[in-house]
Every structure is written in C-alpha cells, then in structure tokens.
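One chain, chain A, links the two complexes that follow: it is found with chain B in the first and with chain C in the second.
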Partner chain A sequence: MQRTLRDLLIALVVVFGVGSAAMLIAHASPIAGFGALLDGALGNASEFAETLLQTTALLFPALGIALAFRAGLFNIGAEGQIVLGGMTAGILGVALPLPGLVLIPLVLAGAACAGGLWGGLAGFLKARFGANEVISTLMLNTVALLLATYLIGGPFKQPGAGASETPQLPAAAWLPVLIPNTRLSVSFLLALLLAGALWYVFGRTVFGYELRAAGEAPEAARRAGIDLGRTALTAMTLSGAIAGLGGATIVMGVLHRFNTGLSPGYGFIAIAVALVGNLDPLFIILAAFGFGILQSGSIAMQAEANVPRDVVTLIEGLVIIALAGRRFVAQRRTS
Partner chain B sequence: MNAAGALFALLTLTLVKATPLIYAALGGVLSERSGVVNIGLEGILTAGAFFAVVGSAATGSPLAGVAAGIVAGALLAVILAFAATRLGVDQIVAGTGLNIVALGGAAYGLLLIFGQPGASREVPSLGTTGERVLTLLAFVLTALLWFALFRTPWGLRVRSCGENPRAAEIAGIDALQTRFWAVVIGGAIASLGGVYLSLAELDLYSDGMTAGRGYIALAAVIFGRWNPWGALGAAVFFGFFAALQYTLQRAGIPSELMQALPYVAALVALAGFAGRVRAPAADGVPFER
Partner chain C sequence: MAEAALRLRGIRKHFGSVSAVDGVDLDVAAGEIHALVGENGAGKSTLAAIAYGAVKPDAGTIEAVGTVGLVHQHFALIERLRVWENILLGREPRAGLRIDRGRARAIVGELSTRHGLAVDPDAVVETLPIGIKQRVELLRELVREPAVLLLDEPTAALAPSEIGAFFATVQQLAARGTAVLIVTHKLAEVMDYSQSVTVMRAGKIVAAFRTAQTSADAIARAMVGGDVPPLAARTATTSAARLSVRDLCAGSGAGALAGVSLSVGSGEIVGIAGIEGNGQSLLADAIAGVADYSGEIVLDGRPLPPALGPAQRIARGIRIIPQDRRHEALVLGWNIVDNVALGRQRNPPLQHGGTIDRAATRRFATGVIERFDVRPPNPSAIVGALSGGNQQKIVVGRALADESTLVVAYQPTRGIDIGAAALVGSRLIEARNAGAAVLLISFELDEIFALADRIYVMFGGKLVGEFARSSIDRGRIGALMAGG
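Showing the complex of A and B:
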C-alpha cells in the first residue's frame, strides 16, 4: 500500500514536472496546457466516454503484462498480440454469418486464441530453448504487424476491404454501446470484470501463488515442485490472450473493422499502466484511468494550447523509467 | 543484370543494411560487458537519427549533424546509466522506458522544430562518400572496441564489472562509475547507427525509421557472444537477410513476408543460441554497494 502510494506520487511528479517543462518549451503555459488536457478528457459526457474508451484499451494489455510480470516475465509483446487479436476479430466477424449472441463470444474467443498463440510462442521459446522473452516478444511485435498486413491483403482479403484494413463488421458482431451517442461499448465492463477476476486469481488461487513464487523466488519454486517452464508458457499464453482480447474489443467496439493501425502503442503504454498500478489489478484500473485521461486529453491539449500531443508518450516513457526501481524480472536473461 | 552484378548489388546492400546494426550491436556489447543490459538501443538509434537531422538543419553542416546525433545518443544513455548505477533499477524495464521516451520525444520535436508530423524536411546529408566512410568506420570501431575490451586495462575493468562487480570493487575498481561510462560510451557508439540511417542512407528523419533495428542488434549481441567481432558478424548476417528481401521481392514473394525475414532470422538465432552461450555473469544484475 505504502509502495503503491509512493509510486503514484513519483508518477504524478513526473507527469506534472516534465509535462510543464515540455509545455514551456512549446511556448504554452502549463496551466493552460493541463487545463486544456483535463477539460478535453473530462469536460463533458462524450469526452468522459472517450476517456473511458482509452482506459479500456489500456486496461486489457496492462492486465496481461501484470500477469506475466508476476511470473517474472516481461511481455513487451502486447502490441503485436493486440494486432493479431484485432485481426482475428476483423476476419472472423466478417466471415461468420451468425447471430450476435453466438457470434460475439466466438469472435472474442478466437481473438484471445490468436493473442495467446503469439504470447505463448515467446513462452515456448523461453521454456524450450531458454530464449529471452524480452527480445523475442520485441521481434514478434514487428512480425505480427507484417503478418497481419500480409494476411488481410492476401489470403484473407475480403470484398470491400480497403488498404491495410478489413471490410466493416456486420452489426451482429458489434459490441453493444454502453453510453448512447458515444463510442464507449460494454468492453469497458468486460475489462473491469477481467480485472476483478485476475484480482481473485492472483490473491486467492493456487495458480496465482505459483505465478508469484516463480516470479519472486524461482529457485525455491522449482524446489517446491513448480514447473518453471510450464509456468512461463502458461503465463505468456494468458498474457497474450488478454492483450489479444483487448485488440478484439477495439475492433468490435470502436472501429467496427480491423485496421493495422488500430493501436497507437497501447501495448507499450500499458507497461507504464501496469507499473503504476503496482501489478495489482484493482490499482491498475485506476492507473489505466489516469493514463486514459492523458491519452484522450492530449488531443485537446494540442489543439488548444499548441503543445504537440506526443509529449504524452515521452512522459509515459519517463514514468516507466522512474518506476523501474523494483526487480521485476527475476529470471536471468539467458541460460 | 547478370548474376555477378546481382550478387555484387546484394552484397553492397548487405553492408548498407548491416552498418546501423553494427553500431547498435557494438554499443550493446560494451554496455553488457560492463553488466548493464541496454534494451534502449532502439531509442538511442532514434535519438541519433533525429538529432543528426536537427543538427544538420540548424547549421547546414552534416558533420555538425553527426556530432549532434552522437551527443543526443550519449545523453539518452546517461538516463539509463544513471538509473542503472545510482538507482539500481530493473535495467530491462528502464530500457523499455527509454525507447518510449525517444519515440515520443522525436515526434514532439518534429512538430516543434520542423512544424510537421511524420517526417522532417530534407537536410544537407553526408552523401555517398559519407555513407561509405561510416560503413568503414563501423569496421574500424569494431577492431578498436575489441582491442579496448580485451587488450587494455580499461577493458579488463569493464569486463570484471560485468562478471563480478563486487570482486571488482574489492580490487579497487569503481564498479558503478565503470558501468556508467560503459553505458554512455556505448550509447554514443550506437547513436552512429541512427546517424547513418537519417544522414547517410537518407537525408531526413521520419517517424519509425529505426524500425526495430535496435532490437535486432540485441539479438546480434547474443548471437555474437558479447564479442565485437562476433556482433559484427551477426549484424552482417541479419543485414544480409534485410538485403535479401529486396532481391526476393523482385521474384514475386509478398513484400511483408520478406520484410519479416531479418526478424524471423533473429528469433531463430535467439532460440538456437540461447543456452549454448554464456552471458557476462552479472549482465543485467544491478550492483549496489
């Protein structure tokens, strides 16, 4: 708890300190800049809905990353897992002529499988060959994007598809809207439910305990009979599946089609979210909301205060560095 | 084009594609030999590429651009070096943060300095001569780094900090300071890879132009067994696959699959090599007194 508060304080200092400096460099007053940012994120109902939408998009990969972190594994591959989950949703949603009640769960499951496969691949390379998951997931990100671009433009090209995107999904595959006249869908509730479920799994189940043991004391865990290779494979698969699910909700709830540019780096920003949330699913919800404000308010900040919105990315990177103080990755790089 | 001509073109392109990888991998070797994993190589390439263009645009001299790129890469490495040696952070997480900082910072700077998103305007570049000199310099630096690491007292100090910093300290070496400077010098070397991309291969900076080369360089460090010559060999190997995509593309194989080639090659190399090579014993392990 104390740790969480301290980390939160550090994050806030970085956000406001560096943010103010970046605004001053851009000849904008920090008060006007942050004012525009907050107003743009929370000013009215539709802006608030947009912030929750960004929150949702960050929450899924952040939960996945936290799960892997708990097992001592650093999944930097969420971005690629989001892309493949989204792509699978885009292809299945158009291809399957089914009613919504059957179609939606099926497409979500398909997307989770695709993301899980991609995360699991890194887990397999780690468990079987000892390949460092950090480097392999970084490679797999690029391969995922290229693979998706190839698949939707080639073998899975459907009539009516534009460049680097699938045709629009039939309405049956759309996630129901949560707040009328906004883009916010029930995916927000889905993400909250998932966070609750993971909170239970991490704290109250044997599997959650095994994850933590493997992450914090791998040698002791191994002696206690926990199969570290299998844990790595399971953790990376689940981590990827959760991120893939997040990609699917962007496709089914927001864009209503798959586009290779569906994620502006959610998979990377989610690392900051998971760290600020101290790997605790309930705190991660709050952290995702905080970063959701940054994401959605930055557009207004650029429009009204003339501060390039990319400064938000810079700040998010610094938050990660500032909060890297704990040993997250317990297992050795190679071996 | 006859077969000999095609082969020559392929080999030339291999060198072009390998050069930025060599610089990044050399920076990684130096850093990891001292015990600090630098996942931030991608960000350092970005910083080098961006500030080289800024320097060249501001002064009209591409050589000033080279200097600006090196300074920017070294300064970015200072953040990691400081966090790794003075704050004892998880180096891999911090390095990832570094990449994101560089990505956001370059996009922010593009709007601020060039007033446009996506790419800068064209600036005075190093041209073909500069391109060749930088490629040659990559080989020279490899030899120098090898000599410095394995034939000088400084190299022995660096390597001892990567193997056992506590023993090094007992022998009178300041492990924290040694690591700090290894990371910073490594950053300066790696940034030349970014400079090459923006000022030699091209004459502008565009978002995402580093395209994961910093990550491939990490694989090259492992593949090259933490040895400068080995890293150079691995970089040329991956550069060959990057060059091959252009040759095979003309043969009608989908371009996306070809672009994935160097990454897949790096993945296979990573899986095949892990476990059979030994990293410096204290690589990635924070040291605190």
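Showing the complex of A and C:
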C-alpha cells in the first residue's frame, strides 16, 4: 500500500519534472503546457468523457498485463491481442444478424477468445518449451497486425470495406453510450467491473493465490502442488483475453468498425499503467486515469501551448524506465 | 588478553516496535575465536550486521582495527557468475581495459590452496552444492584480508567432515591475528573451537564465559534462560511398514540415487545418516514428486508412480520439510498466514468454493505460531523479515500441523536454536506417536541418534548400512558415511 503510493508519487514527479524540462527545451512554458494539457483533458464534460475513453482503452490491457505480471510473466503482446480482439469484433459484429442483447455479449466473448488464443499461444510456448514470453509476445504483435490486415483484406473482405478496415457495424453491435453526446460507452463501467473482479480474484480466490505463489516463488509453489506450466498457460490466456476485450470495446464503442490502426500503442503504454498501479487492480484504475489525462490532453497541449505531443510520449517512456527499473532492482534485492 | 580488534559500545537497534539489539557492549580480541550464541531472534545476526556496517544502529559506536568481513547466513553470491568472478568482484586484475582472466584464476587458486578451501574457479555458482557455495562466500571475504571476520552460522550448510576442515581454516586465520566472531547454534563447535563465548537473549548480553572455564550445559542454560526442554516421550510402538521404496534410481553424476530400497513403519522415525551430496536431495525430491525416478515407491500399499505430482502426494498425507526453506518452501514477500496456507490452498477448511477462507487460514496460522513458538507471534509479519530460525519453524510447523501419513524431514533443525530444535524434535516424535512414518534426513549424527528408531547410512547414492536404535555404533556409522 505504502509502496503503491510511493510509486504513484514517483510517477507524478517524473511526469511534471521531466515534462517541464522537455517543454523548456522545446522553448515552451511548462505552466502553459501543463495548463493546456489539463484543460484539454478535464476542461469540460466532453473533454472529460474523452479522457475516460482513453482511460478505458488503457485500463483493459493494463489489467491483463497485471494479471500476467502477478504470475511472474511479462506480457508485452497486449498490442497484438487488442488488434485481434478488435478484428474479431469487427468481423463478428457485421456477420451475425442478431439483436443487440444477444449480439453484444457474443461479439465480446468472441473477441476475448481471439485475444486469449493469442496470449495463450505465448503461454503454451512457455509451458511446453520454456520459450521466453517477452520475446514471443513481442514477436506475436507483428504477426497479429499482419494477420489482421490479411484476413480483413482477403478471406473476410466484405463489400463496402476499405483496404485496412471492416464495414461499419450494425447499430445492434454498438455499445450503449454512457454520457449522451460523447463517445464514452458503457465499456468504461465494464472495465471498472473487471478491475473489481480481478481485485477479488487476486486477493480472495485459490486461483489468484496460486497465481501469485507461482509468480513470487515458483519453486516453493511447484512443491506445494501448483502446476507452473498450467498456471503460465492460464495466466497468459486470461491476460490476452482481457486485452482482446479492450480491443473489442474500441471497435464496438468508439470506431464502430475495425481498423488496423485502432490502437496508438495502448498495449505498450498499458505496461506503464500496470506498473504505476503496482499491479493492484484498484490502483491501476487511478494510474489509467492519469495516463488517460496525458493521452487526451496532449492534443490540446500541442494546439494551444505549442508543445509537441512527443513530450507526452517521452514522459510515458521515462515513467516506464523509472518504475520498471525500480521494480527490477527491488526484485534482485529480495531474491 | 590481546588488544580488542573489534570494539562495540552501547549498540541499540529497533525494527518497528521490536528491540532487536538493546544496549550491547562487546570486545573481540585479535587472534581470538569468539562465539556469539543465543536463541533465534535474540539479535545475534543483527549485531553481526551492525558490526559489519550493513545495518546502521540507532545508537552506539563501532571501532575496528582494520577491514571487517562478513560471511552471511544466507549466501550473498551472484548465482550466474563464476566462482572467480564472485570472489574478485570489484577487484578484478586488469590487463588494459580487459579483465586478466589468467591472473584472476591464479589469484583464486592460490587463495584456495593457502586456506585449504578447494574450489573450481571456473564453476558457475548456481551449479554448486550449498557446501561449496559457502567456501566461495568465505574466500570472497578472505581475499580482502580482513582484520575482523564475522561468520554468521557458517557451518549450518556443511557436512560433518567439512566442518573440521572449515574450523582448521578459521583457526589458521586466528593464529595469524584475525579476530573471529562466530554466530552459531552449535554448542559442540563453540566448545571445540572458541576461546570466548558471549550469550545474547532478547537483544541483551546475558552471560559471557571463557570457553575453557564453562560447559555446553551452562551455555545452553544461559541461552534458554532455564533448562532446555526434554524431548517428547515415545509412546506408540512401530507397526507395519507404511512407506516402502524399492530400487529407487534418480539423477545422474554426483548426488544421483543408485538403487535405494528402504522401509519406514507406522510410528517409526527412520534416520538417513550421511554426508551431504550422497543422494539425499534426490531421495527427498523423488518422494515429494518433484524429481524423475525409476523404481517403486509404495505408501500404505498404494504405489506412487513418478507421474504423480506434488498435489496428489500432499493429498495422500505426505508432508515434506524441504532442504532450502527460502527457495523451496516459503514465499518470502508474503506474511505468515499466506505462507502456512501454501500446499493446503485447495483443501478444506482453508478453501471453500474456490475462495480462501481468510478467518480459517488465520486461525491455522495462529495455531502454527503457538505450537512452534514463532517470534514475533504476529500472523501478519512478512516471512522474509523473520530470522532464519523462525522461518524454519514456520516450514516445520506447516508440515506437522495436521495428521499425516508420511513426513520427510530434510535437516529440519537447520539454523534453529537448541530450544526450538528440541521443540521440532518433540513434534516429530509426536507425529510418529500418532502413527505417521517419519523419514529424517540429516547430516548431524547427534540429531539422528536422538530421534531415530532405526538408521540407514547413505553413501554414493546407496544405503550402505542399517542400525536399530538399540545397536547404534557411532564409529561404524561414521566410517560408512565416509565410504569405508
């Protein structure tokens, strides 16, 4: 708990300290820059809704990544899992002529399966051959993007579709809007619900207990009857499924069609979100909101304060380095 | 008495509300082997860490005439580096920008010959048995030629035959003027090798002796603050075999099992005497279901095939006290409650409908803490922050917390004090009295003689001798252990 708060504080210091320095280098005023950023993210209801939309897009993959992390596995493949989840939603949503009440859960489940398959593939390689999941998930990202491009342009090509996107989904497959006149859908609530569910799973269930044991002390866990291979497979499958679900909510709630460019790197930024939230689902909500502000405010910052958007990318990268580095050092000390 | 090489005055250290060291004055003379003894959690290791400079005291002064070296209870080696890289870390001989590997190997070779501590400079540390790692740890300190050498439980991991050689090295160092402070639980070593003894209890010094003028008994009484509790009585008699092992083979090379057949009856403690590295690890691991093996293991008439994993074996009442508590038994970042649940997380009453029953788990932990006198008696304490002895009590307490069919205890009293060792011994006898088959694997003959109803001697992956409790022949057992 204390450590989590400390991590959040580190993140804030990095954000404002490094952000200010970068803005000064770019000959912009940090006060104007951050002012424009915060105003652009939180200034009015529609901007706030846009921030929550970014929060949601980050929250799904961050929760998936945290689940894998808890099991001692580094899922860098959330980006690819988002793409495949989104693609599945884009294809199923158009292909199935069903009423919304049936269609939406079905499409979400299909997307979770696709993401889960992709994550599970890395888990299987790990369990069966000991393949490092960092490498395999990273490489599967590229495969996912190319596979999606091929599938929607080839076997699943539909009339009226562009080169890298599916046709628009029927309204039955759209997620209901949460705040009228904005793009924010109920997917935000779904993400919050999922965070609560994961908090319960980690802290209360036998499954979560075994997952954490396998992550923190694999040899002790193995001797206590926990099947490490099966745990790796399950954790990576669920991790991928959650990220895939995130991809589907972008398609069904925001774009209303699948587009291969649906994620501007959510799957990577989510790694920082999960670490800033110290792998605790409830703190991850806060972390996702913080990064959501950066994401949605950065456009206003560029337009109004003449600070390049890249400053935000820079900040996000440094937060990852600061926290991942700290975590790594802490792990080395305890082992 | 020679001039003090290490002089501690008024040392105090608190961890939270616990006073670990509470106003300690201690002098260690140059050329002296000084033993620091006390129960688990008495503050010995903390005091050593303060003298070394690794822990900052709240109050007090530390004076030393030269550099201070510390060989830690838990090895602080870099597992993936080679022996010479570990020993010379930070002082590598250079040739331009490169490390001069040839000279590095020569330095380590010369050092190991001079001190009689044989090591292969090019071996990767993680591949070494625990006894050799300890040598590397010692060499790493000796390369700095310390004026004061602190040894925290230095022989806890060593075989009996290695202990003599180890102390020969230490005596040689002392003869050259090094001041040596040994933190230990083993009173036999204190009596045999030290010149002075200081006894700590609850953070304070409660007694100090010249070794020549005291007895092991007097030291033990000072440590415990009274009489050492006697072992529990053996009530039940041994009946039919519960565990029978036939032609068990496992592993390859040194430490492999080469056809072991044995039996352990209900209500019987069977001791496996032997020097570490003669197949004991694989025997325990095969029974635990974490090593591949051929041959037969039968428990209560039902075979345990190699494919049967640890979970099913636990379900059949097999309880293992593994050799390496920090890696094989505990999750160091977790509290006591979560740790005692490990291995039972799927079984009622700790589990209902897929969730962990927190109240039941806490009650279970409290029971273990009380039965095994874990200190501090706080179920929420993080296990990694406890002393080694208290960690061991949790591992043993967890294994012996409920009715079992077979208990495999691998060095169950490693690193724990005499009071707690008597407690663990009594609990093993109680498990035996309740009808369990107990297989006790130990490198300490005294422990085996005190507890076992029957003894096998293990050498080179085979059982080379068998003795009933009534016909123990210490000399013969010692000879068999050494391959004679």
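The definition used in the following text is that the second predicted complex is superposed on the first by the 324 of 335 C-alpha atoms of A that agree within 3 Å, B and C clash if a C-alpha of one lies under 4 Å from a C-alpha of the other, contacts with A are read in each partner's own complex, and residues count from 1 in each chain.
The definition used in the following text is that contacts are C-beta pairs under 8 Å (C-beta built on N, C-alpha and C of every residue); 3 or more make two chains touch, one makes a residue touch a chain.
All of these numbers come straight from a predicted model, not from anything done at the bench.
With the two structures overlaid on chain A, would chain B and chain C clash, or do they fit side by side?
Overlaying the two complexes on chain A (C-alpha atoms) leaves chain C and chain B clashing.
Check the contacts made with chain A and report whether chain B or chain C touches more of its residues.
Partner with more touched residues of chain A: B.
Which of the two partners, first being chain B and second being chain C, lies in contact with A:V134: first, second, both, or neither?
In the superposition, A:V134 contacts chain B only.
For A:L193, select first, second, both or neither according to whether it touches chain B, chain C, the two together, or no partner.
Neither partner.
Touch check for A:E216: first (chain B), second (chain C), both, or neither?
second
After the overlay on chain A, which stretch of chain C ends up in the same space as chain B: 45-53, 81-89, 189-197 or 279-287?
81-89
Per the definitions at the top, what is the overlap between the chain A residues touching chain B and those touching chain C?
334
Enumerate the contact residues on chain A facing chain C in the complex.
Within the complex, chain A touches chain C at residues 204-207, 209-210, 212-213, 216-217, 219-227, 334.
Where on chain B does chain A make contact in their complex?
37, 39, 79-80, 83, 87-94, 96-105, 107-108, 110-112, 211-212, 215-216, 218-219, 222, 254, 256-257, 259-260, 263-264, 266-267, 270-272, 274-275, 277-279, 283-284, 286
Inside the complex, what are the residues of chain C that reach chain A?
Interface residues on chain C, with respect to chain A: 288, 290, 309-314, 320, 322, 327-334, 338, 341-343, 345-346, 351, 354-356, 358, 384.
Contact residues on chain A for chain B in the complex?
Checking each residue of chain A against chain B gives 22, 25-26, 74, 76, 125, 128-132, 134-136, 138-143, 146-147, 149-150, 153-154, 265, 268-269, 271-272, 275, 308, 310-329, 332-335.
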